[in-house]
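To keep things simple, chains are lettered A, B and C as they appear, and every chain counts its residues starting from 1.
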Amino acid sequence: MSSKLTTSNRAGWAFAAPGIALIAVFIILPFFFAFALSLTNQRLISPNPTQFVGMQNYRDMLSVSVLRLAPDRDDAGQIQRDAAGAPVYPRIRDITRSPDFPQYRGMREWFRFHMGETAHVVIARDVVFMKALVNTLTFVLVVAPVQGGLALILALLVNQKLRGITLFRAIYFMPVVVSIVVVSLLWRFIYSPDGGLLNNLLSALTFGAFQPVNWLGNPDTALPAIMGMSIWQAVGFHMVIWLSGLQTISPTLYEAAEIEGASKWQTFRYVTWPGLRHTAVLVLIVITMQAFALFAQIDVMTRGGPLDSTQTLVFQAVERGYGKQDISGGATISVVLFLMVLAISLLQRWLTRERA
Amino acid sequence: MASISPDNHGLRLAVRYAVLILIALIFVFPLVFMVMSSLKPAQQLLADTASLRAFLPVGDISLDNYARAFQRAPIGLFVFNSVLVTGLTVLLCLAVCSMAGFAFVYLNWRGRDLFLSIILATLIVPFETIAIPLLLLVSKLPWIGWEGVSYGWLNSYRVQIIPWIADALTIFLFVQYFKGLPRELIEAARVEGATWFQIYWRVVMPLSGPVLATAAILKFLVMYNQYLWPLIVVQQEKYRPVMVGLQYFFQLNIAWGEVMAYLTMITLPVLAFYLALQRAFIASIASTGVKG
Amino acid sequence: MKLKRLAACSLAAQSLALSAAFAQTPLSMWYHGAGNEVESVIINQIVADFNASQSDWVVSLESFPQGAYNDSVVAAALAGNLPDILDVDGPVMPNWAWAGYMQPLPLDEAVIADFLPGTKGYWDGQLYSIGLWDAAVALVTRQSTLDALDLRTPTLDEPWSGEEFMAALDAAKAAGEWEYAFDPGLAWTGEWFPYAFSPFLQSFGGDIVDRSSYQSADGVLNGDEAIAFGEWWQSLFTGGYAPGTSQDPAARDNGFVEGRYAFSWNGNWAALNALNTFDDTLFLPAPDFGHGPKIGAASWQFGVSGTSQHPDGAAAFIEFALQDEYLAAFSDGIGLIPATASAAEMTEHYAEGGAMAVFFDLSEAQGLVRPVSPGYVVQALVFEKALADIANGADVADTLDAAVDEIDADIARNGGYGH
């Protein structure tokens, strides 16, 4: 990399300075400001003076405890059971709101699991944040590979030399062109439980065997429904990036592969894929970043519901910072998100590092 | 691609097109829905959503929604503002970010790796989370104009443009692309005594058609769909862009036909931009000779 | 600055026209009606009339789309860029007043003596805002529906009890003619939830926050009455009486007129659409769940910004706008309830015997303002989420407890919100 020919501090600075300066002023400076906010109790709207609170916002968001509960027993020492025969446990409400346990005050059940008769209840001070964290990670883990893979397949399809292929490229790209807010609005009609297009279509395709699903109203289907729509909307975007990578691969390499009688798969494996290495890193990182920033779809379609099944970190950051005027709480989420994604991208860079 | 024997050529071609068309249907249907709905009166539009009629120009078809949409909001002004802001930002962004990318890939200077890491880290900062600090910042920034120095950038075009010129994603796009270009070209030019700017302008830029087109499209989309930022920094109608204008159509009883008409109209410039660039994009590939 | 210099020059040149302009102090005004043509015409007319009627002030208007208005004002306040005259949604006013975005409105109380109570915005014992209209919600149905289901017509004096209301929904459900018996309108997110549904909670005997001190929600939002309300609310959805949170917005707007819902909980702004479709449309009072029938009150109101140097000029404009003819114009134009009885008599729909006169009576008899507290803005969102979660099957007591915890923590973090 560092050949003598390319060493030039003055030129390097001159070329990079405008970009670095703009990013420093308009992104990095405000971000440090946001970080400082997360250490205070600053409100969006308030006549009260701002106070430094240290890590309090982080503690309020991240504290988690586990309660071990034994089943209720009657006077004879027998485990009480409900109508279905399951053991009855004390209500969490009676513990978290009891003056005997001030340390659990304000905490709520996140989830529970059973080991033998004992129920282990994980309670968190900020259950909504925890759910948002899990949903966001789930979204990233599903959407990044699926969207990246589908985009590559599409790119290969529209990289064929066929008459009218430009038209197909344009069509596949079309959903990207429409704003995500608009797309989310349109899909609310499509996912509607009462005579929505998707239900009617599936019903017609299966000759009525399909039972209508309340896509956005059911906690089990809401996040997958949003994933599906998000992939549909953005896949054309990544197709274009793959396509620009594909088009830099020299045709002479393909000709050579053909002469040597390589199969289609071999051509892809040994010519196309190695030529896409830089593009692959780009696509993966871009998709991951966009997935972590999931917001508009949630805001328009579900606002985090039903039952927090579609809460996400950025939605919560906005909801708190603007809606609930808790600008320091919103900033705290942004900082946590930043640190998390930074860790992931360092890991990603380490995993995809260029091996000498 | 692999060779095709002449006897089953026609069949394979038909299969290829069938696949392409099937996929096209999946991508195009909400947009057909949008355009068709814009031609229908509200009641019919909503009744049609349950069936395939949603995709067909059937029933009471007219351009009434378009006429009414123009009465409701100054659409021409919004589109003009958006196109102006978007166009200028895209041009400036391509210049600034490609130069930065050039510096990060081809030049060796102190602090290079550190700055690249810092810039890539900013990829992760969602705009929503820095909007308020940024608002406080731009409301105090000085500006030197014809009438001397003034403070505060609110209610202007510049406040919608300047903070958006440089972004990590575009720089990253250029960096990844430049890494794939043959280094020998640059070194050869250097040996021949070309200045760095000449290399950037005469050697690298002419080879960068695909990445310029990709970056331009992506930046165009980001800028054209701006909502939160113009909402908080622009209080005068004369600077409002299209996505804030969309709010004009969300009254208590939403006139869906007009909404669809407005959406159709504001989507057209983006589609036109993409189609125009795609042409340029393919032409640039044919002419460059990166292939060799 | 430039204008003043220019004016100074022209004064020296003895230009009469320009010196008149110099004497008029400019006042800026923001309004949330962009995109609504009728509303824009009326507000522009008021501004033009005011500017022509006197020579001290000249008002210039900037309109915003409603969905973007509150965010615009907050951003402008943060950046120190507020106008002189603002309009503000009633329940949000205490938040803005507490933060110093607004200042008390210097208006003679005699001017507004006849106004509906929901149109007057008081905070900390002082008048901050005044509305030209109010809004009201009613149980919308058809006479033919009541006849077919053999139901008594409830009146203001004798509204349905909670049991009668549920019996009506049962009858509608059993009839099988409708997709759902009742449409509360969960497709409308945001302020609709506390505006439309917190009166049900209040009728059960609970509330969003304890109004005696505004320092806690404990006991009122998670007490026995509130839990009874929550169980009832949940039963609307688990019992299949009402469409839930995934209702699409189009079904909300047109479901009733398409005959998909027997009863709809909707506001006076949607009344014209129903009246134009069914000539036997009825607007029934809210049911009484034990503590009296209640509906939400307070709509958009006018006030003076905290940074305005000319509160007297702003008040002069607002007082000018409070004339009956303008109240009536807004009512005729967009279906709002005029703030005074005398203005109501001048309107098409709210005059004695008018199709929507019932809303004026509803507003007068049942209207209850949302909690008058700067913390309401946060409490409204907490309440909205709790109701959405309960509708989706969450445990009622746990959900209300969580809402109480969040509201109480927020009040504590804000030092009691200045009460």
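Please note the rule applied: a contact is a pair of C-beta atoms (placed from the backbone, for glycine too) under 8 Å apart; a residue touches a chain by one contact, two chains touch by 3 or more.
Note that the coordinates shown come from a computational prediction; the quantities given were computed from them, not determined experimentally.
S.K.: Based on which chains are in contact, what kind of graph results: line, ring, star, complete or other?
M.R.: complete
S.K.: Is the C-beta contact count larger for A-C or for A-B?
M.R.: A-B
S.K.: Once you find the CA centre of subunit B and the CA centre of subunit C, what distance in Å lies between them?
M.R.: 39
S.K.: Measure off the straight-line distance from the CA centroid of subunit A to the CA centroid of subunit C, and report it in whole Å.
M.R.: That gives a centre separation of 36 Å.
S.K.: If you average the CA atoms of subunit A and of subunit B, how many Å lie between those two points?
M.R.: Here subunit A and subunit B have centroids separated by 22 Å.
S.K.: Could you pull out the residues of subunit C that touch at least 2 other chains?
M.R.: Counting only residues that touch two or more other chains, subunit C contributes 71, 78, 249-251.
S.K.: Can you list every residue of subunit A that touches 2 or more other chains, as numbers and ranges?
M.R.: Only 44, 189, 192, 196 qualify.
S.K.: I need the residues of subunit B touching at least two other chains; which ones are they?
M.R.: 49, 132, 136
S.K.: With touch defined as at the start, can you tell me which subunit A residues reach subunit B in the complex?
M.R.: Where subunit A meets subunit B, its residues are 1-3, 5-16, 18-20, 22-23, 25-31, 33-34, 37, 44, 154, 157-158, 160-162, 165-166, 168-183, 185-187, 189-190, 192, 195-197, 200, 232, 236-237, 240-241, 244-245, 247-248, 250-252, 254, 258, 263-264, 267, 278-279, 281-282, 285-286, 289, 292-293, 295, 314, 317-318, 321, 327, 330-331, 333-334, 337-338, 341-342, 345.
S.K.: Show me the residue ranges of subunit B that touch subunit C in the complex, using the header's touch definition.
M.R.: Of all residues in subunit B, those touching subunit C are 42-43, 46-47, 49, 71-73, 132, 135-136, 139, 147, 152, 154, 231-233, 235-237, 244-245, 247-254, 256.
S.K.: For subunit B, which residues are in contact with subunit A within the complex?
M.R.: So the residues of subunit B touching subunit A come out as 1-3, 13, 16-17, 19-20, 23-24, 26-28, 30-31, 33-34, 49-51, 54, 96-97, 99-100, 102-104, 106-110, 112, 115, 118-126, 128-130, 132-134, 136-137, 162-169, 171-173, 176-177, 179-180, 186-187, 190-191, 196, 200, 210-211, 213-214, 217-218, 221, 224-225, 227, 243, 246, 259, 263, 267, 270-271, 274-275, 278-279, 281-282, 285, 290-292.
S.K.: So in the complex, the part of subunit C that touches subunit A is made up of which residues?
M.R.: That would be residues 71, 74, 77-78, 95-96, 98-101, 179, 189, 243-251, 260, 377-378, 381-382, 385, 388-389, 392-394, 397-398, 401-402, 405, 409-410, 413-415, 418 of subunit C.
S.K.: Give every residue of subunit A touching subunit C within the complex, in rising order.
M.R.: For this pair, the touching residues of subunit A are 41, 43-48, 92-93, 96-97, 106, 108-109, 127, 188-189, 191-194, 196, 214-217, 219, 302-308, 319, 322-326.
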